[in-house]
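Think of it as A, B, C, D, E and F in the order they're written, each chain with its own count starting at 1.
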Amino acid sequence: MAYHEGGHALVAAVLPDVDPVYKVTIVPRGRSLGVTQFLPQDDRRNYSRTYLMERLAIALGGRSAEELALGDITTGAENDLQEATKLARRMVTEWGMGEQTGPVVYDQSSEGPYLSPPVQEEHARVYSEATAQRLDAEVEGLIAQAHQQARTVISEHRDALERLAQALLQEESLERKQVLAIVAGEQPAQGSAGDEKAPQHEPVQG
Amino acid sequence: MAYHEGGHALVAAVLPDVDPVYKVTIVPRGRSLGVTQFLPQDDRRNYSRTYLMERLAIALGGRSAEELALGDITTGAENDLQEATKLARRMVTEWGMGEQTGPVVYDQSSEGPYLSPPVQEEHARVYSEATAQRLDAEVEGLIAQAHQQARTVISEHRDALERLAQALLQEESLERKQVLAIVAGEQPAQGSAGDEKAPQHEPVQG
Amino acid sequence: MAYHEGGHALVAAVLPDVDPVYKVTIVPRGRSLGVTQFLPQDDRRNYSRTYLMERLAIALGGRSAEELALGDITTGAENDLQEATKLARRMVTEWGMGEQTGPVVYDQSSEGPYLSPPVQEEHARVYSEATAQRLDAEVEGLIAQAHQQARTVISEHRDALERLAQALLQEESLERKQVLAIVAGEQPAQGSAGDEKAPQHEPVQG
Amino acid sequence: MAYHEGGHALVAAVLPDVDPVYKVTIVPRGRSLGVTQFLPQDDRRNYSRTYLMERLAIALGGRSAEELALGDITTGAENDLQEATKLARRMVTEWGMGEQTGPVVYDQSSEGPYLSPPVQEEHARVYSEATAQRLDAEVEGLIAQAHQQARTVISEHRDALERLAQALLQEESLERKQVLAIVAGEQPAQGSAGDEKAPQHEPVQG
Amino acid sequence: MAYHEGGHALVAAVLPDVDPVYKVTIVPRGRSLGVTQFLPQDDRRNYSRTYLMERLAIALGGRSAEELALGDITTGAENDLQEATKLARRMVTEWGMGEQTGPVVYDQSSEGPYLSPPVQEEHARVYSEATAQRLDAEVEGLIAQAHQQARTVISEHRDALERLAQALLQEESLERKQVLAIVAGEQPAQGSAGDEKAPQHEPVQG
Amino acid sequence: MAYHEGGHALVAAVLPDVDPVYKVTIVPRGRSLGVTQFLPQDDRRNYSRTYLMERLAIALGGRSAEELALGDITTGAENDLQEATKLARRMVTEWGMGEQTGPVVYDQSSEGPYLSPPVQEEHARVYSEATAQRLDAEVEGLIAQAHQQARTVISEHRDALERLAQALLQEESLERKQVLAIVAGEQPAQGSAGDEKAPQHEPVQG
């Protein structure tokens, strides 16, 4: 669990375009076993393809950390995989961001703002099986690409993951500032609540 | 955002058969981040294939401008892609305007006037998977053709796009007259509201 | 619009087995932009395949006239294409009139009298995808055959179409007698209302 | 119409295992344009494959007569084709009487007695597309076989069809006894109502 | 009809693992034209594959007897085929008893006890068309195997079928004891009601 | 039945990562013919792929014991196969644990905690037939792998299965302690109720 959440936080801290983590914890809340929160940089609602690809990589950071640190995988990644798949599918079907598919919308069921779940689609899909097959390949391709990116980041910062996991086991929760310090190579310091709103943001480049 | 809206306005100003823009703004309204309004030339309801192809190109002008000016693409084109896909699908399935498909109607669900969303289809589609595959290829072909047209227009008027984006960042909104002047090469003038109903219309040929 | 309605009227006047037009107008009524009315020869309800093929050709007369006279196509053919497709599909699936398919009924959803819309089908289709593909090919084949017939008629009476269109632009509406006279080569006379019930019927052979 | 009804009556009179016609008429009743009634031999409810194949041939007798006598086909066969298709489909899917398919039931939706319409099926079909394709081929094969049988009977009794049609045009309705006499070669006699229950039955062998 | 019911009884009497018949009759009851009742050996609810295969063979005994004794087939086997298909499908999809398919459940719609009809499935099937095709082949394979077994039993006891049919025509109903005696070669005795609960059970081996 | 329940208990006792059995019985309860209960090691809700694969093997232990000890298979494995299939499908479609499929979620219908049945899916599946086929192959592959593991365990402890079955026939129910002793090679002792909560746990390695 500590490795899983540490993986999310590590990838978020390293990748350049995405929001840094706001707080990461291994204290279970409701049905969630751990949570990694992100600090929104601003209130924008227009996201670039580059930004979204990094969001995918962060979502796959937990699973990737399990693979590299534990050599086994767990059901703990269920929510991550759900969100990553939904996001990748929206990129392909609603925002025209697939590799092969052009600027065409394949699913008109979702009208809500970003990250809201698509409306339950009650009508049969209008596109063909051949198109559905291409869309699946696109979605899996985006996920595979992000998975590879997350694994690369974690492999290159394998010791930082170890430090993050140890700190999480000791502290249970880490603030954004602590995460960045640990990733940068410092020993995990004592958690000092109240730093949450610190504006400085120096992501470590991978 | 300025490039995105500028792209719509530029393509609309350049293409000969379509209505010129009425007003373009980057002030967010409701869920929309920016709006490009078109001046209807008359109250006709019978549209030619040539006219509709230019409508598709305008819809893809925002995405094309992002690609050419920013080198990245954003989720801001979602509504454009939805409308373009709907329009292209209606051209193919309801108006017999596909390249390969003949004057056959493949979808009887829409009965309303132009640009109203098709009625939620509750019955299973009656045509075959093979036909659905052909229809998808037709729709994607029309979109790709319009996408190419939009990119060509913007490439050939790359400096006009730059001027439009700068003017939008300064003025936030541009009237039809201002857009035409900027595209024609004039420096962006101060916005003078009240000119909206000016009848003259001299689109610049690409 | 005048060419479109003129196309319907011309094909109906020329083809031998089908009812001659009763009245043709380019005055918009409700959502329709123009109407071509047919004079039912008698109250029969049993239609031959030959008769129905000519009905298809008349329905495609408007689109064909646009193609040949304007070199562009419009959305004005939407209703024509819908009716032609419905009729061709019924010929193939309900009346066993396809080229390859035998005397088998493929759709049991329609029980009503001729030209009433088929009942909304709520059950999944019972036949296979392979059969659906053959049915689509049959429907498109019938439409293509009728489209070709309409184009041939209009090409061979290209000047009659021109006279009809001019007369419609002048008179806005033409009675059956006027249409036949114009097609026969007379100059368009002044519209004399009250002739509508004239029984004589001398279709010009193509 | 007279040929159509005559075709039904002729095939029923000639084929050995099926009930002879009870009455045939060309007087329209309700939505039906003509009716051919059959005399049930007994109240049995267990039907052999041989009997059902002849029922199919009778149903296709009307269409076959149109083809051979008129050289055109009409919409008048709609009900015949519907019943023939339903019956052939039940033979294949419910009674295991297909040529290739074994004693397997493919459709569990119909529970009622013979010739009652199958219950509206609300569940998705459980068998595969490949099976659906085989079933369609079986159904079309049975229909084609019965169609050929009907055409053979009518070709071999072409003059009897002519006599039946003439008699129907004169008398409008024919009793079973009259039909058998006309098929046997007698000149059409005057219709004598009240003979309907005559027990003698000597079908003419083809 | 006598052959049909005799076929069921004969196969049940000969096969070793299945319950012997309790009573067989050709007196119609409700919509059923004849009934063959089985004596449950005990109240067990856990059935082996061997037992179920013999149940399939009994169900196909009626159709097989028609084929071998009459050379024609009838609609009387409808209920038999329905039950056999349902049972074979459950063997394949719910109990992992197919030849090729492994211990996987393909249909989760049925929760009830043995021989209760599966719950109307309202959700779309979750497995693929390719899997559906394999399942269909498995079901047809089991039915074909049982069909062959029933035909073999009846062919090897062709005279016993004749004696059973004759006895049924005379007596209309036969008790279990009578059936076993007739199959064993005795002449049909007079029916003595009241023997129904006789515990002795000596099935004749095929 | 004794072999069936013995198979479950044996596989659970031998495999290293999974919970040992808590109690096994062949006394029917409700619709169940026998039950094998597992002692949860702790209240964790995060399961590794290794653990889940052993759960699959235990579920297939009953069927495997039937195959190896009886040479026949029964309907008694219905619930086991249902649970194994559901679990394998969730591993593939929700937890990204397939062999070929990547960390992608293919089914968003299930939101509940572990082992709760997936929500009735009312929307059509969004992925393609080709993907459905791959998922089916993955599910069957996991099941086949677990089936093989269960058969290997039982083959290597064939005498322990015999001892377990005999003990179950004598005692009807066995506690966890008794099962472990029997598997370890001891003669079945008398059942001593009250030992159920004994904390010691020494699974025998296969």
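To be clear about the criterion, contacts are C-beta pairs under 8 Å (C-beta built on N, C-alpha and C of every residue); 3 or more make two chains touch, one makes a residue touch a chain.
Keep in mind it's a predicted model, so treat the numbers as computed, not measured.
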{"item": "Given chain B and chain E, the chains that contact each of them", "value": "none"}
{"item": "Smallest count of steps, each to a touching chain, taking chain A to chain D", "value": "3"}
{"item": "Required minimum of steps from chain B to chain F, each step between chains that touch", "value": "2"}
{"item": "Interface composition of copies chain B and chain C: same or different, split at half", "value": "different"}
{"item": "Farthest-lying chain, centroid of Cα atoms versus that of chain B", "value": "E"}
{"item": "Where chain C and chain E are represented by their mean Cα positions, the distance between them in whole Å", "value": "59"}
{"item": "Chain D-chain E separation of Cα centroids, rounded to whole Å", "value": "34"}
{"item": "Interchain centroid distance [CA atoms averaged], chain C/chain F, Å", "value": "68"}
{"item": "Length of the line joining the C-alpha centres of chain A and chain B, rounded to whole Å", "value": "34"}
{"item": "Two or more partner chains touched - positions in chain D", "value": "122, 124, 129"}
{"item": "Category of the chain touch graph - line, ring, star, complete, other", "value": "ring"}
{"item": "Partner chain E, residues of chain D touching it in the complex", "value": "45-50, 52, 94-97, 101-106, 108, 113-114, 122-124, 126-131"}
{"item": "Chain F residues within the chain E interface of the complex", "value": "1, 31, 33, 60, 63, 72-78, 81-82, 84-86, 88-89, 120-122, 124-125, 129, 132-133, 135-136, 139-140, 143-144, 147"}
